[in-house]
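Same chain, two partners: subunit A is paired with subunit B first, then with subunit C.
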Partner chain A sequence: MKKAQIQMGETIAVLFVFFILVTVGFIFYVKVIKGNIELESEELSQLKSVAIAQRAMFLPELQCSEDNIAIDNCIDILKLDSAQALMRENEVYYYDLLEFSDISISQIYPSEAKWNVYSRKTDEFKSKFVTNAPISLYDPITRKHGFGVLTIETFLK
Partner chain B sequence: MRKAQMEILGLAIVVVLILVATIFVVRFMVIKSPTEYRKGFISAELASNMLSTFLKTASKDCSYLTMTELLQDCAQTRSIICDNGLDSCKYAESTASKIFDGTFDKWNMKYEFLAYTDASQPLIKIGKACTAEKRSKLFPIPINIATMYAKLDICG
Partner chain C sequence: MDKKGFEVQFNWIFVLVAGAAILLFFSAIVIKQKSVADISTKATVLKNVEAIITGAGISTDTTNTISIPESSIEISCGRISLGAVSKQYENLILFAPASIKGNRLITQTLSFNAPYKATNLLYITNPEIRYILIGSSSLAKEINKTLPSELKKEFYKSLSDIKGTNNHKVRIIAFESMTEFPKALAKMPDSDVTAVRVNGDAEKGIIEFWQKEGNSWQSNGKSYYIGKSSLIGAAYSDTAEAYECGMQNAFSKLNLVTKVNIDKTNKLMQKSSDARQVQCTQFYSNALAHLNKILPSGTFSQESINAIAESAKSLAEENKNSQIHSCPLIY
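Then we have the complex of A and B:
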């Protein structure tokens, strides 16, 4: 084999190794970018679930009020039945607000009870978050507060 | 430049490339972790909501007195005896236990609830003290002689 042929062989070997390195680097770069996109998507899903939970916690259809002043962290149990019917009748409006989610209220004290306020579930979800918020359940007839938990399940595609 | 010098330069370039690649790997794979927006929101809301809701709750067998009123009596005269025979301290404690059973215990969360005028001698203590990170909420409750406090720590 002549010297020139050997040098050509060397150059081809070096180029081969170089392209392998470039390919490995590119694959790694794509993996990192994909990981970052997944990470951002996870963060966005979390923020979306928090936004839906907050919307549910401050729904005027459920919130207690006194002299037209809304009371935070409190649900009027007399409003619950009307709210359930209202949400069923205006499904599209509430879908814009609460998307695919399931909202229920469980009373723990003084007695146990459960209300399902809104339910629109999907089987094709990518992530599901469950948020539990302790909430005061106000009975305007007796003017007494009970203890309950607002459970918001969000299904995100 | 001689051939040997060229080869050394080539090696140096390879070393620099490997170093850059290592820094890149460490930068993206090790340091970055997802921000827990939801966890922050939940733990910030939970302690505060739990305590404020509990204090507003009306008792079932104690003339509908709120937990705040029962705790105030517990820290002062202990003159209230509920329909089930428990005094204000015991009644508030049993109600808190019942509520935390249905919430924190069900959600597998560690917590500690304290009601006290003097932190070293709590009137009510439920749960175990957190050993590491915790979210804490303290509610002052006015009483005749001083101020009493209801404190809730949520661990993790």
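Then we have the complex of A and C:
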């Protein structure tokens, strides 16, 4: 074999090894990035779920108020039935706020009762989060507070 | 050319091709990474803005200054975009200039009451925008007090008092007539100087949007406001269309909350009637009449503003009466 041919063969071999190293590095980099994206996506899903839960808890359609002063973590039970019907009638409007989620309120004390306020589920979800928040259920007629749990299930695609 | 010379030349060509291929490969990676990083930054900013919007629905009467990566945010009716990244909203209640540039955002929330809370109004702006309030009325002073101190705001008695400083945008909120044009702003580009003229009181009134055109003002449409929070919305919005978009969404929400309050008042009336609490029943019956006047006001117009303003006052009175006579409150 001539010297020039050997030199060229060496160069090609060096280049070949170089590109193999680059490819291995690139594959490793893509894997790390993919892992980060998955982590970020999970974090985003959780944030979205918290945002939906917050929106649901502070809806003026459900929240208690005393002389127009909103009371945190309190649901007015006189508003519940109409809010339930309203959310069903205006599904598109509330979808923008609550997206794919299921919101229900369970009264535990003094008696047991359950209201499903909003329900728009999907079977094609990637992740599902359930948020339970203890709430006070206020009856303005008897002026008594009950105790309950607000359950917000969010389905994220 | 001899054989050795040809080999040397071929070697150089080979090195050139291989070098170019390597350079091209890495350049492609760098360009791709740059665009990915750009989109990622924009997505982060948009995520921050989304978090602000969610927060606004919860907390009332708050002002925040938020640091973001240097960006240009475009805000239109139901849409927030950062270059190619955008988010569409069905019922966004947001009042802001059409374009916000910089690395800081000032957000403010106020509740929209009629007289019960219907929703929170969210305002977003940039600390670089110069807000100039003109007037000496009590309403002008009140609006000046309500606007956050973090804003670059100035308060003058008349338009001629305005001094010229280097600003990328100027927004005038005038409680006086707009007949003269401030000389200090004459050299600014037309699109950077906008104004809103307020004609009314703290309850309701007419607002007119203006745009600089040379050395004079060009009217850009007329609209209406109801309450201080709505007027502040007009102060932050560049155009009548943007303002009305936010107000229309606020009115749609008011309509939904009114439906719930009508149902609640009906239940309260039924219970008080069963318990033979004549006075309470009377208050609820009166309240229902006022609530039913607010209900059809789902669209933003002068007629609905007048109807709401009138009924809201009477409804607040009935709520007060309920409180005085120890009846359960309407809202």
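By our rule, the second predicted complex is superposed on the first by the 138 of 157 C-alpha atoms of A that agree within 3 Å, B and C clash if a C-alpha of one lies under 4 Å from a C-alpha of the other, contacts with A are read in each partner's own complex, and residues count from 1 in each chain.
Here, a contact is a pair of C-beta atoms (placed from the backbone, for glycine too) under 8 Å apart; a residue touches a chain by one contact, two chains touch by 3 or more.
If you're wondering where the values come from, they're calculated on a predicted model, not measured in any experiment.
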TODO: Determine, for the superposed arrangement built on subunit A, whether subunit B and subunit C clash or fit.
DONE: fit
Task: Partner chain(s) touched by A:47 [first = subunit B, second = subunit C, both, neither] - done: both
Open item on the list: Quick one: is A:144 in contact with subunit B, with subunit C, with both, or with neither? Answer first, second, both or neither.
Closed with: first
Task: Contacts of A:60 with subunit B and subunit C, given as first, second, both or neither - done: second
Open item on the list: A:96 in the overlay: touching subunit B, subunit C, both, or neither? Say first, second, both or neither.
Closed with: second
TODO: Kindly classify A:133 by the partners it touches after superposition: subunit B alone (first), subunit C alone (second), both, or neither?
DONE: first
Task: Minimal inter-chain CA distance - subunit C and subunit B, angstrom - done: 12
Task: Residues of subunit A contacting subunit B in one complex and subunit C in the other - done: 47
TODO: Show which residues of subunit A lie in contact with subunit B when the two form their complex.
DONE: 21, 25, 28, 32, 35-36, 39, 42-43, 46-47, 49-50, 53, 73, 108-111, 129, 131-136, 142, 144-147, 149
Task: Touching residues on subunit B, where the partner in the complex is subunit A - done: 17, 21, 24-25, 28-29, 32, 34-38, 41-42, 45-46, 49-50, 52-54, 56-60, 64, 66, 95, 98-99, 102-103, 107
Task: Complex contacts: residues of subunit C adjacent to subunit A - done: 7, 11, 14-15, 18, 22, 25, 47, 50-51, 54, 57-58, 60, 89-91, 113, 115-119, 252, 256-257, 259-264, 267-268, 271, 319, 323, 328-329, 331
Open item on the list: If we count contacts the way the header does, which residues on subunit A are in touch with subunit C in the complex?
Closed with: 4, 7-8, 11, 15, 18, 22, 44, 47, 51, 54-55, 57-58, 60-61, 65-68, 70, 76, 78-79, 81-83, 86, 90, 92-93, 95-97, 140-141, 143
